[in-house]
Amino acid sequence: MSVIESLSPQALAEACARSMWDEDNATRYLGMKLLAVAPGEATLSMAVTEAMTNGHGTCHGGYIFALADSAFAFACNSYNQRTVAQHCSVTYIAPAFRGDRLTATAREVSRRGRGGIYDIAVTNQEGEQIAEFRGHSRTVKGALLPE
Amino acid sequence: MSVIESLSPQALAEACARSMWDEDNATRYLGMKLLAVAPGEATLSMAVTEAMTNGHGTCHGGYIFALADSAFAFACNSYNQRTVAQHCSVTYIAPAFRGDRLTATAREVSRRGRGGIYDIAVTNQEGEQIAEFRGHSRTVKGALLPE
Amino acid sequence: MSVIESLSPQALAEACARSMWDEDNATRYLGMKLLAVAPGEATLSMAVTEAMTNGHGTCHGGYIFALADSAFAFACNSYNQRTVAQHCSVTYIAPAFRGDRLTATAREVSRRGRGGIYDIAVTNQEGEQIAEFRGHSRTVKGALLPE
Amino acid sequence: MSVIESLSPQALAEACARSMWDEDNATRYLGMKLLAVAPGEATLSMAVTEAMTNGHGTCHGGYIFALADSAFAFACNSYNQRTVAQHCSVTYIAPAFRGDRLTATAREVSRRGRGGIYDIAVTNQEGEQIAEFRGHSRTVKGALLPE
């Protein structure tokens, strides 16, 4: 049995997250923090900076999406099977503002065959929901961790 | 008749785009260029930089979304009625890479009452389609241009 | 205080469901059963008949959608505010077959201002998930129950 | 070269449609008519009957979805590769009423590898748009036509 096969599901999810984090410039560059990861789950946070906002201080939807999309990626890649996003949707519920700290919490809704569905709630520092995101994933060939 | 009421639909769309551009730090900061705007339409481009990619040089989905979302915003705000995104979905068709120049072309599918539907195709410099985005908008109170 | 205002949230949800049921030919005609309703929640079931299937005995997606859509309608109309579907999406997870009894369970994800998000899981008699549905609602003028 | 391989794309699309039609009880049972088919395209119509409506004569969303879903199925199965729906979304634009004749027109937005995107516009007899549907398909093993 390899070292990887001997890992618990939680330890495997954490090892996958470390591997992804190291190679993901974009997530780091946006100042995201990985708060938690578990099989099928991930929580990330990000501060809304001036560069992410328009002249009225409202966060561009692309950055809210990016935070949710990163949480989705960490959640669906927690089984050491390389998994990609196929289709994502986001509903904006309330605006986010410069200085807000947003948290995206991803949970697994369904995983069957190669397909998965993950829901990500984005909230602000008051616990108010900013957006609801649903991601559809598909596993592709390859593992995240070296054999 | 005010100056604004005397504008042609095309001139009004251009005036709205200038107004939005000036106040949209996020779009400018991402290095987007506004190539064209018309009533219900907008075309923007963006280069994929190293900060937008992971260690393998593949663009984070959040940046592809952000480009399409900006094209959506310029298209649905071209009538001088303040209009916001409610719900957006994106399907990833092919990966984008560091150094690619992506173009997002938004067209209006439907506009009725306060609701609108806009489709945005994202292509690379070879004309290959990278993503297909659909945005649902809703008009809110207020105009973009000062009376 | 009117009779309606004196109802508990649960009693109000039940009264709304009765009112909707009586006027909804389509839901009755499809042989649906209303199993439970509560504020923001509803559970309906439906048997897959021969008329709903193709030559291989697989249920047409439209009927799976219709069951989920009815559960969505009962859930979002449980507050005595007339509420309509704006945008719905469905992901097919496993096929349903002639003779299956499908159950759709709707829960509220978000309700803010006039907009709501509801998730509906459709399962078969074995508890296997057949589809996952997400509905976006909007309240319109009017109540369901007579004053 | 087999008989099938000798068919033009248009003749192949028509042969696939005949094969699907014969085995699709559900589509026939709903009274749908197949008006046209071509590679990646299909047009179907359906009359809104009393059984499809609520007490106010408004068509249940499930039947509007079913019509669009059938047009999607005929369009994405026009290449003699068995293809299934994965994820569909629908936006309701205007209500349909008892006695309306609805037409669903499907066109191909993207087809790459095993995945496809199809847009279906549903209009009434006045040409007014009732709904806009987007379907995501995936090819599976097998052909529609016998060798």
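Worth a mention:
Read from first to last, the chains carry the letters A, B, C and D; within each, the first residue is number 1.
In this section, a residue touches a chain if its C-beta (ideal position, glycine included) is under 8 Å from a C-beta of that chain, and two chains touch if they have at least 3 such contacts.
This is a predicted model, so every value here is computed, not measured.
For chain B, the chain whose average C-alpha position is most distant is C. Mostly identical positions are employed by chain A and chain B in their mutual contact, as over half of the interface residue numbers are shared between these two copies. One finds 24 Å separating the Cα centroids of chain A and chain B. The distance from the centre of chain B to the centre of chain C, with each centre set as the mean of the Cα atoms, comes to 35 Å. Across the assembly, chain C contributes residues 86-87, 89, 91, 115, 136 that each touch 2 or more other chains.
Chain C makes touch with chain B in their complex at residues 86-87, 89, 115, 136.
Taken in their complex, chain B has these residues touching chain A: 22-27, 29-30, 50-56, 59-63, 65-67, 69-70, 84-92. Chain D meets chain B in the complex at residues 89, 91, 93-94, 109-110, 112, 115, 117, 119, 129, 132, 134, 136.
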